[in-house]
Every structure is written in structure tokens, then in C-alpha cells.
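Naming follows writing order (A, B and C), and every chain is counted from residue 1.
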């Protein structure tokens, strides 16, 4: 199902034949699914969405409070928020951002600064309980920290986006990468950056630990041995972020982003404010990253500069590309898939396989390679991603006879 | 068109755009040079107090080290820039091809029996053989990666091959991990790299420095000659400018792209050998770090532009050395990236301008 | 649709997972207890953690998988992931929770990195599981001595009771031991470099805090970037500072070998020191990727293990290790691993029928006063720290660290 016209200089060699075979199988599968889809009633999408939402809500009840699967799932959901954020920047607005780890870092440090005893000279407590209410330091309520992180990250997003406005395509990548690295260097060397009176900016690679557990007045404080509340917290955050994303995509701003992405010159001449639109993409994407960072900081109860590496930015980028660039559900699927593979499939399931066969071989040494291999496999077989954006799917599958109803986004 | 009198601000911006960048780049070395001459720097400790010297040899030492370190980055950066120029892809796996080159080199030393006791003739012969093997291995590896990971995605969304590149990067890192383990490994100092070759007014030039530059300069000259004077070289440049037109002219685009990858890989292999001799240390993760720096160098010099990549590499080497010794090694990465942002803001096309299809 | 399928798939995965990792056969008549270890088994630390696990397994096999009337089920967990290449907070938390979820778990050997323990200690504290670390030396985990951060150690123990012990003396002692070694070696100006992690930076800070007690002048303490390809500029800087000795406070995988070589190139006569994170063959043996043999005579390092042949238990350990793994000179971490498992097995056995009660095990552990072991004779104090206050000073012979003498510092920070 590719639009490749065979050119005379492309001799089909062995590898090419193999890939073409695999892809045709993939296409056949797609056609079968499409055929099935045609036979389903028209409300099947809404029913599925409702089922997924309900299923997601009751999921934790099927697992114990300390289940490893539940832990992997809530991490995956945090990554869903990250992926949705990066999808706004890279997918909607077409700005290749390779420094997304910066917003994870800022979000996590917001949690560390405002929810622990790190600022040991202060005694600020706002809507907290338990140990947090008596400890030194700044202790704000979890929701307040979320809001603070969103605001700070939005501002930082705009700051980072400013120098990239005049750059084209892949240069944006390198500049955002540079900013991402600078922020991580600041995180690591934060122990040397003094804020006066013995207070440093971060605790570098030694980490700021024992962060406050989230507390909701009336619902009580979270506990590290009870994962269900953490799950429901991130689940609610995911639903909110999804809602915001869906509204954004179908809004004027969303369409402006897509217009800029497809053809900047045409979009500008149609009157779309270039600078403002791009900056909004950066800041909204950054805000989502910050929110997820706050949650992850609270869940790990520790913020260590080792967590913030360039590899993270690549990981999130891979999620949205594997899932389908520009597509909201693609970002969700990609994030869930890659998180599960990295945090659950490879450590727990694959590593126990040799043991099951009675071998003493340690598969952990192959984890990198397996993960890389899966990435290559998915991209080569399905370059448009698992759940491609409607527009892209039409482009790539050469569906010339697409009618306008298919382009209306509400159908997705 | 009649010349319009320019307002002072626009005039300032024009001069800033043209000269501001070079001023910014030269600012640090000049500042440190003046600082060394006036305040002096601590060169040792004797009889209970510090020994302060007032000369430029410390700065000279920084620059020599910077140029030789930078030569390695330049070799890797050329690979990035050639590939980007021809298919507009950031080949994230390139740095790891370089790492495989280093591991191949050190592995081959063991097989050939090259050790600290080998005589000079045997050493030179052995190292030349290693160079050829590394270049061959890395060139073929790069071609293989292109065939399997990038060619099928030629018509895919632009970011898809980026992810296959990342996937290959992980796979190659795993190969390195299985090969030598997770720790950086010290390797034999075959050429006794710290021996002095000559002095220039107090600045010592070590064998390692000479090696890096002695390998880089001929290779770059050979490459430039190749690109300008041979048919395949011109085919590469033509394809980089406009693949469709090149195809219409009868150029086999696929083979030309494969050739580009092979040349890039060969240079990475050479860089790998030089790195192993220079640092006397190999690590499965070295490619990732080096790749980041080399890519930055390629962009800084102007993506697609071979001379730009070399200039970028040398420049970053010098920035790193000066930052290491004056500001502290913990800030070096931030300084390098700060410089990159500066260059990108003042000259968005890179220092020597880019040479990709959109520019040409 | 895909999402639902994924969820179902993963759900299947989880149920098979909990049984697959604990597949030791349990005898139908005896009762079992579960012991877990959580160590970074992926990435750079494997050079030390694999011998550690070997030591654990040796202890277990010598006891024939039994502790008193109970059969021991041992599971080795990995707190590192491929993507991180080192310990990962998700995995660390997941490992701790796995142990917490298991009603039969009674003992947890972990972590290897002090930073990782900051995550697992509160979880295991909540669950009341005894935790013994074979390697953490950062002071803030158990005490509030200078060198710890405000709020430590209390913030790691939400229940208020201690559940964490360690068999290696903390860094305030190790720093003092290093300073004594430097003084005895005749060092006047020492340059210290650290790898900026909890262990390395913490130890470096303590070196600075305690230098006055031993009259050693530390001219600089620099945090280096472990990923840098070389450290020539740093070496040139400390040469300018007139350093005559150098200590790298950190672990080998963070550039230890390279920085040693570069410092030696700039200062060929400087003596080189390292703490227990450095004192392994991957640093000292050129065949193992360490420094060239010409540097070996300049190296001294400290490890918490003493001369094994001086103890009856030690000789037996050496023989058994050689028989099982064919290695005559085991990595110090193998010894730590062996003792961490031995401690657990002996304590459980001493409780007889109550050996599967976590609270009893904790009480018994904290009550230990004079335990004879391969690390020497020791007990635990109320903080969970070992009463051993000695470090062994090692020199390098034949590429491997060999015991030179015991150093027992008398003055440390308080």
C-alpha cells in the first residue's frame, strides 16, 4: 500500500523483497480490519471509548494494591501525558523538539522544591497533612504544585521556543536539544548553584528525597504501599489532558498549528500569527510535560538529576512516532506500548523466559537490543505509525477517492 | 534598486549579523589570553607557595588539545553532515558506528598481537591494517543500516527513519555492551601518546595531538578531492542538491546514497581507531556522547557542508578544552550548547552556510 | 481496540509473572520464606553486582537453601533498566513493592546505590520488611551526622521505627581511613575528584570535613563529568595546584580508570587513592580494562573487608568460593554479598519456629552484638549501622587489590 512507483534504478534485492512481503501482510491485515469495521454499527467508536474509560477506571480493582502491573500501568499513564504534550509540539505544530526532558525536569523539581524539606530555612505549609505539615521546608498541596509547575513550564517553553522561531525544520531540533541539555546540566550542577544561605538550586545526582505524598482534604494522604489512589490520580489527569487535547485539535488554534505544519508560507499569508501560534504550541506542550513531571516526582518520592537524560526526550519522541505522529490516540497507544515494553515486558516477562526454560542466561543484557529491534521493526513495517493521523493515513494509503466526510475530525 | 539609507538599528543588526558571531567566538580565547598575561595562572606549587606564570602557554595548551580533540569530532561530524545533506536525516546511529569502530580496533589489536612491546615497524604496519579493517567494517555497517532501516522509509513521514536510527543506536549499544561490558575499559597505550613531539614556545605537543591531526587532514583532503573531481563524488553532490533531477540525469540515486553512507562510515571507523589510540579508553556508551557532540559540530558549521563540519568539530574541541580548564569540566556541556544556540541565533544557516536541497 | 487488547495481554502477563519469578520447588512438608535482593544487574555496575549475587548464592547453597526449619526462596531482582543503564526509580520502587506484596517475604538485600535506597527504604519501612544493604555508605540513610541533608534520616522512616541496616561502615569512617592512609603515605597536598553521585560526593564532602583531624591538606574537591572522554584539563589544573596525591571519590564505572590515567600522565609521582567503590580489579587490572601495570604501585584503596585468611570463617569462604566459581581472589563485593545473605539465614535460623516473623527478625537483627563473620566480629547499633569501625587498606599486587593492613580511625565527625 505504498505510493512508491518502481523506478528503474531500484532493483528489488533480497532485503527489499522481504520488507515488501512483510508490509503486504500488514496491509492485508489492515484491509481485514477495515472490512470488519465497515460491518460494525455506527456508534461503535463511542461505545469503545466508553468501554475503555470505564475499563480504565475499574482496572485497579482487579489488581492488588502493590501489583507490579499496576505500577507499570500508572507509569505508562504518566508517559501518556508526556506523549500528548510532545504531540502538541511535534505532531500538531510540526516543531521537532528534542529537548522535552527539560520540562520533565522542571516539573519534577517543582514537586521537589514545593513538596519537601529541601528549602530547609522556610516553614510554609498550605493544605498538607501528616509529616508534611510539621516538616521544615515548603509544602504546598499537590494540586497547587501541579498548577505552579504548569505555569513555570509554560513560561520556560516560551523561552526555549523563542530562539527557534526563525529556524527551519531540523535546526529547531538541535536548538531544543541544546536547551534540554543545558537544563540537565543545571540540574546536575545545581549543588554548586547557591541561592544564598547555604541553599542550593537542586541536590544534583544525590537527589532530593522523601517528597510529600499527595493529599486531598477529605480523601486523606496517599501511601506508598497503596497504588490504587496513585493510579486514579494519574488517570484523572490523563482524562483531563485528553479532553484538552481533543478540544485543542478541533479548535482554531489546532487548525492553525496544522496549517503551519503543512505549509508555513501559505499559513502566514492566510493571516495566521506565526510567532504567537508557535509559542503557544511550545508552552502548552511544556505545561503537560511539567504536570507529568510533578506526578512522577511524587510517585518516585525522589528527584535525582540522573533521571534527566537526553535518552528520555528520544524515548517520548519514539512513542509519538511509533504511535502515529499528530494523532492523539496514536500518542496514547505509542506511550502505553513503549512504556509497557520498557518497564514491564522486558524486565518482568522476557527476563523470566530463560528461567522458565531452566537456563541460567540473563536476558537483561539484551534489553537494549530487544527494545531497539522492536523500534526498527515497527517503523519499517508501519512507517505511518500504529494509529496514524487521519490526514496522514489518507496521504500514505493513496486513497484518492476520500470524501470530505472522512476528513472531518469528529469521526475519530 | 536605489540604495536606501539604512536606519542605525538596521545597520547595527547587519554588522552584528556579519561580524558579531566571529567576535563572540573569539571573545573567550582573547579574554583568557589577556587574563593569563596580566594576572597569570597557577602552574605549580613549590617551596610553600604557588608558582604563577604570565605567558600564553596555558592558552596554547588549551588550543592544541582542543584542535586534536576536535579533529576526532570533525571526522565523525563529516559523516553526519554528508548523510543529512543527501537524505535530510539525522542519523542517530552514526555515533554508535564510531563506537563499533573503536571496539573493532581494540579487538583487532588483540588478535594481531599488537601490544606495548611491539616494535615500531610492526606497530605501524599493524595500525595501518587496523585502520583499513575498521574503515571497511564501519563503512559496510553503515551501508547495511541504510539498506535495512532507511531505504524502505524513503517515502515515509520524515521522522520515521529517525526512530529506526534510534532503534539501531540501541542495537549497536547492546552489541558494544555484550562485547566489552558496561564499564569504560582502559586499552594499551600503543603509541605512547603522551610523549612530546615538539615544543612551540612553551606549549608541548604530544604524539596524540599529532596523530589526530595527521589522520584527519589527509582524509578530509582526500574526501574533498573525491567530491569535486570524481564521478561518484559529483553524483553525491548532485543528489544532495536535487535527487529527482539527478535521477533524470541518469544517476543511480540508491547507489549514490549507499556510497555516501559508506564514506561516512569509513570516516567514523577511522575516528574510532584514532579515539582508541588517543584516549586509551573505550566504552560502549562513547558513541552516544560523541555523536551528540559531532552532530552539534555539523550543525554549527552548516549542515551538509563538509568544511563546515570540520570547522565545527575543531571549534567545539577548543571550546571544550577552554571550558574544562577555566570554568570547570562540569559546565563544559552547557557551554558548548550555549555556543551552539548563539551561533544558531546569529547565523541560522550555520557558520559556513548549509548545503542541502533547500538551500541550493 | 488496541488499548483494550494490550490491557488484556498485559493482564495475562502479570499473572504468569508472579509465579515465574519464584519457581524454586518448595517441599510439600516444610514452610518457606522469601528473600529478595535488589541490585543493578544491567549496565555499568554489573562488574560489582554480579560477584555480589554470586556471593549471595554461595551462602545459600552452603546452607542448602534452608534457614532453620524453613526453606528459603531467593529471588534476585534488577533495579536497573535498559534505557537508563543504571538503577531506575521505577524499577527500584517496583522491586520494593514486589517484596512488600509478598506475605512470605522476610528479608531484603538492597540497594547497591545509596540514591536507590532513598526510594526503597520508605516503602519497605511501611511494609515492615527487614532490609540490609551490602554496599550503601552514605551517612544520611541512618544518621544525621555532618554530611547528611536536613531532615535525614527521619524522612526515610515514615513509621518511626528502623527497618534498615548495613554491614559496611559508613563514609565518615571510610573518609577518615582514607585520610589516615594519605597521611601515612606522606601526602601534603591532596586533590579530590568526585563523580557527583550520592556516594562519591558524600564521601568527598566528608573528606573535606575531616581533613583537619588528620592534618591533611585537601587543595580541591571537583565534581567531574563521568561521561567525559578524558580528564586532561582536570589533571593539568591539579598539577597547577601543586597536588602530590589524588583521590577519586566515586565508582569505577564513572570514569575512574580514565581519570587515574590522565592524572598519572600529568603527575607521574602522585599517589592515588580510592574508596571501596574503586577498589576492584576493573580499576587495578589492565587485563580487566583497568589502569596499566605501571600505575599499580602508586595505588592504595580502602575496603571494609579485612584479611580473610586471618579468620577461620574467612578461609572457609575463600575455599568454597574458589570451588564454586573458580576464582581465588574474590571481589570484595562478593564478600559483602555472602555476608548479607549469611546474616539473614543465621538470624532466621536462630528464631526457630518464629523465623518467618518479620518483626522478630528485625528485633533479632538490631540485638546482634558479637557476630563472627567473614567481615570480622561485629554487631549493630540502634541506627542499624555496623559496630565495625575499621577499613582494610589494600595495595595492588599482580593487578589485584591485596590486603595490606587494618585502619581503625579514632576521630570522625559527630
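Here is the rule we go by: a contact is a pair of C-beta atoms (placed from the backbone, for glycine too) under 8 Å apart; a residue touches a chain by one contact, two chains touch by 3 or more.
These numbers were taken from a predicted model, which means no experiment stands behind them.
J.: Give the chain pair, either A-C or B-C, that is connected by more C-beta contacts.
T.: So, comparing the two chain pairs, more contacts are at A-C.
J.: Per-chain Cα mean versus the mean over all protein Cα atoms: which chain has them closest together?
T.: Central by C-alpha mean position: chain A.
J.: Indicate the whole-number Å distance between the mean C-alpha point of subunit A and the mean C-alpha point of subunit B.
T.: About 32 Å, centre to centre.
J.: What's the distance between the Cα centroids of subunit B and subunit C, rounded to whole Å?
T.: Computed from C-alpha means, the inter-chain centre distance equals 39 Å.
J.: Please compute the C-alpha centroid of subunit A, do the same for subunit C, then give the distance between them in whole Å.
T.: Subunit A and subunit C have C-alpha centres separated by 35 Å.
J.: Could you list which residues of subunit B touch at least two other chains?
T.: 170, 330, 333
J.: Among the residues of subunit A, which are close enough to touch at least two other chains?
T.: Those would be 188-189, 192, 365, 367-368, 371.
J.: Where in subunit C do residues touch two or more other chains at once?
T.: If we look for residues of subunit C contacting two or more partner chains, we find 42, 82, 196, 223.
J.: Name, in rising order, each residue of subunit B that touches subunit C in their complex.
T.: Touch list, subunit B to subunit C: 41-46, 50-51, 61-62, 65, 69, 116, 170, 180-189, 194, 275, 278-281, 285-286, 289-290, 321, 324-325, 328-330, 332-333.
J.: Show me the residue ranges of subunit C that touch subunit B in the complex, using the header's touch definition.
T.: Touch residues, subunit C against subunit B: 42-47, 82, 85, 189, 196, 222-225, 227-234, 236-237, 239-243, 252-253, 255, 257-258, 261, 265, 282, 286, 289-292.
J.: Which subunit C residues qualify as touching subunit A in the complex?
T.: Where subunit C meets subunit A, its residues are 1-4, 6-7, 10-11, 13-14, 16-18, 20-21, 23, 41-42, 78, 80-84, 86, 89-91, 93-94, 97-98, 100-101, 115, 118-119, 122-123, 126-127, 138, 149-151, 155-156, 158, 195-198, 201-202, 223.
J.: Write out the stretch or stretches of subunit A touching subunit C in their complex.
T.: Touch list, subunit A to subunit C: 48, 51-52, 55, 59, 62-69, 71-73, 75, 116-117, 120, 131, 135-137, 188-189, 191-192, 203-207, 209-210, 223-225, 227, 299-302, 304, 306-307, 309, 311, 315, 332-333, 336-337, 340, 342-349, 351-352, 355-356, 362, 364-365, 367-368, 370-371, 386-387.
J.: Name, in rising order, each residue of subunit B that touches subunit A in their complex.
T.: Residues 84, 88, 90, 92, 147-149, 151-157, 159-164, 166-175, 177-178, 247, 252-255, 292, 295-296, 299, 303, 330-331, 333-334, 337-338, 340-341, 344-345, 348, 358 of subunit B touch subunit A in their complex.
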